[in-house]
Structures are given as structure tokens and as C-alpha cells.
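Look for subunit A in each of the two complexes below; its partner is subunit B in the first and subunit C in the second.
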Partner chain A sequence: MSTPATDKLRTAAPAASASHPKGRLSRTRVRAAWLFLLPMLVVLLLVAGWPLLRTIWFSFTDASFSTLHEAHFIGLENYLNYDEGEWYGVLADPQWWGAVRNTLFFTLVSVSLELVLGMVFALVLNAQFPGRALVRAAVLIPWAIPTIVSAKMWSWMLHDQFGILNHLLISLGILDTPLAWTANSSLSLWAVVMVDVWKTTPFMALLILAALQMLPSDCYEAARVDGIHPVRVFFRVTLPLITPALLVAVTFRVLDALRVFDVIYVLTSNSADTMSMSVFARQQLVEFQEVGYGSAASTLLFLFIALLTLAWLYLGRKRLQGDL
Partner chain B sequence: MKAFSWPRLLGRIGFTMLVLCIVLFCVFPFYYAVLTSFKSSGELFQVSYWINHLNFSNYQTVLGRPSFLRSLFNSVLVSTLVVALSLLLGLTAAYALGRFDFKGRGSVLTLVLGVSMFPQVAVLSGLFEVIRGLGLYNNPLGLVFSYTLFTLPFTVWVLTTFMRQLPKELEEAAIVDGASPWLTLTKVLMPLLWPAMVTTGMLAFIAAWNEFLFALTFTLTDSQRTVPVAIALISGGSQYELPWGIIMAASVVVTVPLILLVLVFQRRIVSGLTAGAVKG
Partner chain C sequence: MMLTLKQTRQLRTFLLGLLAWAVGLVMFFPIFWMILTSFKTELAAFASPPELFFTPTLENYVEIQQRSGYFSFAWNSVVVSFGSTIIGMLIAVPAAYSMAFYESKRTKSTLLWMLSTKMLPPVGVLMPIYLLCKNTGLLDTRTALVIIYTLINLPIMVWMVYSFFKEIPKDILEAARLDGATPLQEISRVLLPISKGGLASTMLLSLILSWNEAFWSLNLTASKAAPLTALIASYSSPEGLFWAKLSAVSTLACAPILIIGWLSQKQLVRGLSFGAVK
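Coming up: the complex of A and B.
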């Protein structure tokens, strides 16, 4: 983050504040800066900081929605508890581990597919051809559609009796009998992945396209003069150069996919076959009114994402230092 | 002129096919929703690929429902207020973060970035309590407040990035003239930041328009809902007979303004997305 310019500013600052009037000026400026920050900090404290602390606190209590204020501290019981020869708590709940498995599968498969497809889209959009602007506009459409709407659209297209996908696959001779895409336990998670890939590939494609357009053209000139095959150029020149941008895009998508809720809730409601960690936590919190138990699940999800973010930041910093 | 060659021609055809596949993949599902929305309930159960005739009965049903119109109004209200609130808070914060040098600046930026990683469900119970405490449960204003959780972080980041690119001389001239920081922000910097504000405002609008989890949890009655929840809750006689024509008509009504917005402001949105992600 620190460019030579900002470093110069930083070293210049103490010298300036040595003379008295300027020191006072910089003090009033610092006060003004915090005053300008204050409204945002207060709002973030109210919508993020405090609620998160409350969720963590609730996870150690027996709170339910109607008795939020009379919650009693029960230690780690919501997480793990041994009672009369049986384990209880979120960490002993097979449904929670199912949700963890589903979320990880969803994240891994959908982000990989989006990366590959997004790369293909971006390479196509980066080429010169007539009607490019129109294609680019078409690619933006899935991104503009609300997740709820896209989930509804797809659940109609995937309808087991009247859906167009079954109709198409049967008339092409690929299928003999219609498939229950969203109800069949071995297919429904794939259906969720399909909808998410459709909706999110454009985002990936746009980020990759932006990276492609910043590449210097001289390496390509050189490669063309030397008569190197385009596929080789892609793997030897393009891919290494856009890897940093790809890492950022993938990180964003992974963090987003780990908290997935809307698509799954609308496409398959609370089915255990597709339930993600967020769906599990919300079901406990709102539908079963088990605020303590649901908060424990939410806290685990938060910890998981926080650890992943910290690990990524740490690795990122380490890599940067390696470069310097 | 280049000589004719078979590999070249095949390459051309292959590329064109690829482009067509991409366009079909992106556009077809929405086209199919539009097609379905023009079908009468009897025609629904016959798969067709073309729009044969326009039947507006589904649109009449949807737009004739007071609760749906109310949800539309709520969505417009919530999204507009979210944009106003996040631009106001984002702009002041970005001014401090982009134009002032002070201890703790880096920590604040990291904190804001950290908030954008929050899973919404992790704040659900605590936020429910805060909203009920403020008397905003089952009220669109409660949604406006809660949506700043995900609109503020990227607004602050993108605006800070743009704020930092403005030349320092502008502000120095204003300080020499004795202008207060507030005047400097509103009279000198803001006019230059309009493009960035339009971009971030639009991204905030889309995010608020599409939000589902908070809207589902913090509202209770039909009259307070936003459209995503209204659409998700449209039901028929039983779980197995959803009125697909009506659902698709409602979906088209909700989506068309958004698609137009995105297509008109294509370039701005792309630049905003990449600024937010690449700089983040």
C-alpha cells in the first residue's frame, strides 16, 4: 500500500509540525478527520460490531426469540455438550456437518466453474469482432437480475414435469425420462451450482477482462513475430501476468460463496441435501426460534470466514514482502 | 488481402459459434421468463421456444394486487434511501480517509474491509435486537438501516480510491482561502466526484434492491415487504401448483428497470466493480 509518494509525505509531516502554527493546523485537521469519520463509524458499530458481539454472547446462552432479554449463560452447551452418554450441540449435529459439506462443495465447484467460464468469456470479449459491445451487454444481464428472480426463473426451467430443460434434453435424445432437478437428492446441489454459475460468471468475466485490458501489448507483438502458438502464449504470458487479479477475484467469490443463502433457500427451501451453513443458522434462529443454538452456528461460520480472511491477508503480505 | 485458407475459416466459424453460445447462455433464461409471463395458465404446460402471442393477463393480475404495488413502492423507497445514506456517510468518511493524514487511517480502512467480509447471518440475531430496540421492526426504515452493513464498505473503499486521485492543489487553494473542511468537501471535491458517486450509488441501489435475507427476517406483514420477498412468497393453491405465469410476470416487472439501468450505465458499473475489487 505504501507507495514512494506516501512515504515521502509521511517523512515530511513531522518536519512540518515542528513549527508551531502548522502543528496547530495539523491538529485541527486530525480532529476534523475524525469528525468526518464519526457518522460512518457509529453506523458500522450499530449494524456490524455490536450485533456481532451480541450473536457471540447469545451463542453461550439458552436464548430464544421470545426471551432474548432473559437469556441465561450456559457455557459451551450450544457448541458441544456431553449428557447421559450422548453428545449434543452444533458440533455434534450431523445436519450441521452436512451443511458444512454442502457449503464447501458448493464453494469449490461453483467458484472453479466460474473461474474457467469467466476466463473464456473474458478472452472472447477481449478479442476484436463486430458486435462486441452487444455481446458485452448480454453478458451483464445475468449479473443485473436479482438472485431471487434468477432462482425462480431457473426453478421453472428445471421443473420436473413442464420444465424446458427436461423437454430439451429429451427431444435431443440425451435423457429418456425427465429428471427432478431440484428434488432429487443427488442432483439438487448441482442445480444450485448451475444457477449460481449462470448468475455470477459475468462478474468473474468482467474482473478478468479488466485485468486483460491492462496487459502490455509489446509481449504479444514479440510472441507474434516469433510465431509462437496462441495457446502457448496464453499459458506462458497471459496467465502468469493476470494471476494476481485472478487471486483477488477468486477470493471475493470464495468469501461470497461461503455465506450463500438466497439461491439455496428459494430453489430448494430448507432441504437437508442442499442446506448451506447460512441456511442452517437461519432455520435455527428464525424458524425454530433457537437463538442460542443458531447463534452458535452463526459464530462458527463467522470464525471460519474470519480465519480464512486472516490467512489470506497474511499470505498476501508475505508474498508482497517476498517480491520486495 | 490475405489468401483464403481452410483453418482460418474454421477458426472464424468456431469463434462465432462460441460467441453465439455465450449470448444464448446469458440471455436465454431471462428470455424464457418473458416468454412464460405472456402465457395464459392453460398454455403454461406446453413447452414452447417462441413468443406466439402476447397475453397480458399475468401482468394485469400482478399489477392489480395492492400488496405487490406496495412492495414495489417499498423497494424503491428502501433502495433510494440506502443510496442517499451510504453516499452521505461514505463521502464524509472517504474525505477523511482519502485527504487527511492521521494515525489510525490504515486501521479504519482494514476495519471497513473486514466488515464487507461479514456473513449476514452472523449479525442476524444481534441486528434483530437493535432494530426492535429502535422501534424499526417490520418497517422499511429498519431495512434501510441494516443494508448499510453491506453498502457502506464498498462505498467507502471506492470513494476513497477516487478521492485520493484528485490533485492536492485544489484543496490547498481552498484551505488558503479559509474554506472549512465541509465547504471544501461539498463545493470543491464533490463536483469532481460525481462519476464515482453515480457508480457507487448505482451499485448500492442494486444491492439494496436485490437483498433477501434481512428483508425476509426483519419484516412480517405483506404491506412492509420488498419485492424479492414478495416474489419468493407468491404461492398458489398448494405447494405443487405455483402460479408460474404470475411469478414470471412479477420477476420481469422487477428486473426490467434494473437491466435498463445496467445497460445504460454499463461502463460506469464495470469501472466501479473493478475499482472496488482490484483496489480492495
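Coming up: the complex of A and C.
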């Protein structure tokens, strides 16, 4: 690409541009560039392509862990199968549909909460106040530490008898009796959501903060001179300007939340009340060693996420082209 | 009483500051509680009501080494995080260089496709990868984890380094080229020094992601190569008889992140927001 500055450089060094025909030089460079790119492309094909194809293949077989080599092709039986008046397969498994419901509920609720809270955090952290750097770092910590640690620590804090949360809520008069947060079937999914919100809101806040920092200050000057109420300024100026960043952040989070595993696995293990699609598939694969059945569930989860991603890529291509 | 304009603004700043500190304290409380619990005896940890003031003890820290061999797990975590980060950078920097400076029509789709592999549910490739490790004798080895973490983090690393390289004016490279620099020299003499900060954030992010990873370490390691996340997950007694010790292990697992974060706040914020916050 030739800018005025590079043109000046070229004329400053005429010998170089004259003795090397530009075409050949840039061709070897382009070849070098592809060479640099190659390791990554190979690596990604290996990691994303081959194992995935293998999983899809397993999902069409009756493989179990001990009989992998004698696995037979059974078509779609792992997905859906009608035998002697009954439906079998993942798509007829009430536990799978429970996992789908849990995953969707978890994704919808936690991402919405994270979006709203993240916005509040970002607005607050964007203001000037003493100790801002310290508070920003403190807010960030939940996002930086291992999920497995935060899930364990929360299950300790949520403990029905000895947990600090029940104790605090009772001494504040909000609760009368301690709640079994992770064992009670109507509460446990909310407990999972709460832990995820605690952990991931900082990420949301950071991305929104980044967008806030890039806003032009003259809009705000103008609004202040005109004496417009801050709330109105937020909805009329700030929100429209940061919407693209919000969309990117929400997409990231949704795709991440759909494959949630470790928070749920640590907090409630394989409980059906909170089981996500990933937890379901892993239980089939690792604990029950039903390779075929578990692979079918994995394939369904993959298809679901892939379709969503494709839809997003299709819709967001124009918008992203400016940013990337 | 009417407040002057200046007073209103001061009041607003004060209230916002108060709110910010409240948010910070609420977010930090679980970490604080974990650190506090780690210095209690198991008995004191179960005191009801929970105690805020107590005689601190180091016995948990001594015992997690004696009983579960903390250091070997920690060492696995260190080796695996640094190993995958270094290899990842060696692949990501050249890739980002060619994407940022030899842009073609396909560059953007390659980037998007690459990032989309990040969205794959890991459980979708669990069994093939497990079998591959088993057949090649890599099960329960650090090598397996290094390879897998490198692969998992690569898309994000390439993307971040790419976005840092994009900020560098092309003229600088042109100048180096006219002085006869080869592509490798361009990278090592020009690009790396200019984008030090960005590369540090990328490495920090990769280190943290590898340090925190749990799905693969749980499923691919048993005892020899298990990192800290696997050790923490193994404290799974539902009755929770070892909360103080679990807190001690957890505190130690978070400590490097807290310390590094303290020392390099700017790089950490940049890394953890995937380069969005400058």
C-alpha cells in the first residue's frame, strides 16, 4: 500500500527501488508471508477439523469405551430411534431436553444480568474518584482467577449450615431460615447464575469501559452546555454510540455461556436440575462411557453453536469489517 | 438549602466514588473470605456464626504440601502455562505479522473463522483427543496439556497480536525494508520492540487462561501431570470437611495472578479485555 510518506521514502532511496523490480520482491515477500501463516492454519485444521469429524463419526456408531474397535455404523439411532412402540435416542431423552432448557435459561439470564451490571460497573469505573486504579483492579479479580476456584469458594459461601451468605442474609433479616442454595432444585440454577454473574460481569464491564473511553468528549460538552439531563444523555448519546461494542461483547458471552461446563460441574456436579448440554455430553462420554450416545449429544451441541455463530457472522459481517 | 453548581458536582463525584468502592468491595469479598478461611483451623472455619476475628494459623499451608504434595501440582501448572504461552507466541507472531502487513481479501474471513474455532464446545472433541493421547502415550503428561492449551489459546493470541500490529504505521516497515531487512529482521528488530506492551498483554492473557483451564486438565490428567486446577477439583467432598485446606490451595492458586496483576495492572487490564482497553 502506498501512502505519501512511503512515496517520499522511495524517492529518497532511488537505488533500492530501481535495482529490484518491485514485482519479484513483493512476490517473494508474499510467499514468506504465507509461510508464516502456514503453521497456524495447519494447527487449527488439526485441532478443529479432525477431532470434530471423528466425534461426528462416533455419533453414528454404537461405540462404547471398551468396544471402540468393534463399533458398528448404526445410522441415526443415537439421535432418534423408534423401537417396539418407544422412542429412543438423545432427541427422545428427557434429561437431554432438561439440559437444553437449563443451558438456554442460564445463557439468557446470566448474559442479560451481566450486560446490565457490566454497564453500571463501566459507567461507575469511568468516573473520576480517588483510588480508581485500585478499584478497577479489585473488580477485575473475579474474572482473572480460575473458575474452578471461584466455583469452589462460592459453594463454601453458599453452604446451607456454615456458609457466610445465609448467615449474612439472616442477620440482615432478609431470610428467616437458611437456604440450601446448591441442593434446592428451584434455587440451584439461580445459584449457578449468581456465581457466573459475579465472575463474568468484570469482563463485560471492561469491554464496555473500552467503548466508553473511545467516545468523543465534544458530544458531552455540547450536551452539558445545552443543559440536557444526564439520564437523557445516556440513552440518546452514550447508548447508541456503544451499541456495536455491546453487540460484540454479548456475542462473545452468549457463545461462551452455551458451552458452560466448569461452574456447573463444580457447584452442583451432575445434578439434573442444573445440568448443561456440555455436562450432559461429558457424563455420557466419560462416566457412562457411552461414546456413541455422548458423541451424538456433543454433535448436537456443536451444531447448535455453529448455526448460531454462522448466523451471527452473516449478520455481523458488515459491522465487523470496520472494526477488525 | 440550595447547592451551588460546584457543590452539586462535588457531591456527585463523592457519591459515585462511594458507589464504586461499594462495588469493588462486594466483588472482592469472596476472595477476601477465601484468604481469611485459609488462615483458620478447620474447626474455626466451621464456627457458627462465622468468625471475622480469630487467631491465624499456617497449618493449612503446611498440610497441603505434606498431604497432597502441593508443589508438584504447582510446578505442573507453571510448566504447562509457560510452555504453551511460549510456543503459542512463536506461532502467533509470524501469523499475525503476515495477516497485518500482507492483507489479502481472505484475511478477514481467516481471522473470523479462526476465532470461531474458539467457540467450539470442548466436549465436542473430548473423546477423539482423549483417544489420541491414549494411543500416543501422552495421557497424563504435561506435553499433552502444553499442546492442547497452545491450540486453544492460539486464535485469541493471533487476533490480539494482529490488532496490536495493525496499529503500527506501515511506513516504519517500509523504511526497514528499504534498508534491506528480511521479514525475520523486520519482526525481531522493528515490530517486537514497538509492540512490547501489547505482546506482554497477550502473553499475560495466555498465561492466565492456561493457568485457569480446567476442562482438559480434569479429563486428561490423573496424578503425574495434574495441575493446580485438577488438585482443587479433587477436593470434592460434598460434606466439605476440608474447607480451610481447600481455601489455602485456592489462595495459592490465585496468588500468582493477584501478584502479577498488581505489578502490571495496565497489561493485565489490556490482556483480560482481549486488547479492547488501551
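In this text, the second predicted complex is superposed on the first by the 283 of 324 C-alpha atoms of A that agree within 3 Å, B and C clash if a C-alpha of one lies under 4 Å from a C-alpha of the other, contacts with A are read in each partner's own complex, and residues count from 1 in each chain.
In this text, a residue touches a chain if its C-beta (ideal position, glycine included) is under 8 Å from a C-beta of that chain, and two chains touch if they have at least 3 such contacts.
Since the structure is predicted, the reported quantities are computational estimates derived from the model, not experimental observations.
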| item | value |
| --- | --- |
| Combined model on subunit A: subunit C and subunit B, fit or clash | clash |
| Partner chain(s) touched by A:Ser186 [first = subunit B, second = subunit C, both, neither] | neither |
| Which of subunit B and subunit C A:Ile305 touches, first, second, both or neither | both |
| Which of subunit B and subunit C A:Gln128 touches, first, second, both or neither | second |
| Partner chain(s) touched by A:Trp143 [first = subunit B, second = subunit C, both, neither] | both |
| First, second, both or neither for A:Ser66, with subunit B first and subunit C second | neither |
| Contacts of A:Ser217 with subunit B and subunit C, given as first, second, both or neither | neither |
| Common interface residues of subunit A - those touching subunit B in one complex and subunit C in the other | 1, 9-10, 13, 29-30, 32-34, 36-37, 39-41, 43-44, 46-48, 50-52, 54-55, 58, 68, 120-121, 124, 127, 129, 131, 135-150, 152-154, 156-157, 159, 161-162, 164, 167, 198, 202-203, 206-207, 210-211, 245, 255, 258-259, 261-262, 266, 277-278, 281-282, 285-286, 291, 294-295, 298-299, 301-302, 305, 309 |
| Contacting residues of subunit A [partner subunit C, same complex] | 1, 3, 5-6, 9-10, 13, 16, 29-30, 32-34, 36-37, 39-41, 43-44, 46-48, 50-52, 54-55, 58, 68, 120-121, 124-125, 127-150, 152-157, 159, 161-162, 164, 167, 171, 198, 201-203, 206-207, 209-211, 213, 245, 255-256, 258-259, 261-262, 266, 269, 277-278, 281-282, 285-286, 291, 294-295, 298-299, 301-302, 305, 309, 313, 317, 320-321, 324 |
| For the subunit C and subunit A complex, residues of the former touching the latter | 13, 16-17, 19-21, 23-25, 27-28, 30-31, 33-34, 37, 45-46, 48-50, 91-92, 94-95, 97-99, 101-102, 108, 110-112, 114, 116-117, 119-129, 131-132, 150-152, 154-155, 158, 163, 169-171, 174-175, 178, 180, 183, 208, 211-212, 214-215, 219, 228-229, 232-233, 235-236, 238, 240, 243, 246-247, 250, 253-254, 257-258, 261-262, 265, 268-269, 272-274, 276-278 |
| Residues on subunit B engaged by subunit A in the complex (per definition of touch) | 15, 18-19, 22-23, 25-27, 29-30, 32-33, 36, 44-45, 47, 49, 88-90, 92-93, 95-97, 100-103, 105-106, 108, 111-112, 114-115, 117-127, 129-130, 145-146, 148-149, 152, 156, 181, 185, 206, 209-210, 212-213, 217, 227-229, 231-232, 244, 247-248, 251, 254-255, 258-259, 261-263, 266, 269-270, 273-274, 277-278, 280 |
| Touching residues (chain side subunit A, partner subunit B) in the complex | 1, 9-10, 13, 29-30, 32-37, 39-41, 43-44, 46-48, 50-55, 58, 63, 68, 120-121, 124, 127, 129, 131, 135-150, 152-154, 156-157, 159, 161-164, 167, 198, 202-203, 206-207, 210-211, 245, 248-249, 252, 255, 258-259, 261-262, 265-266, 277-278, 281-282, 285-286, 291, 294-295, 298-299, 301-302, 305-306, 309 |
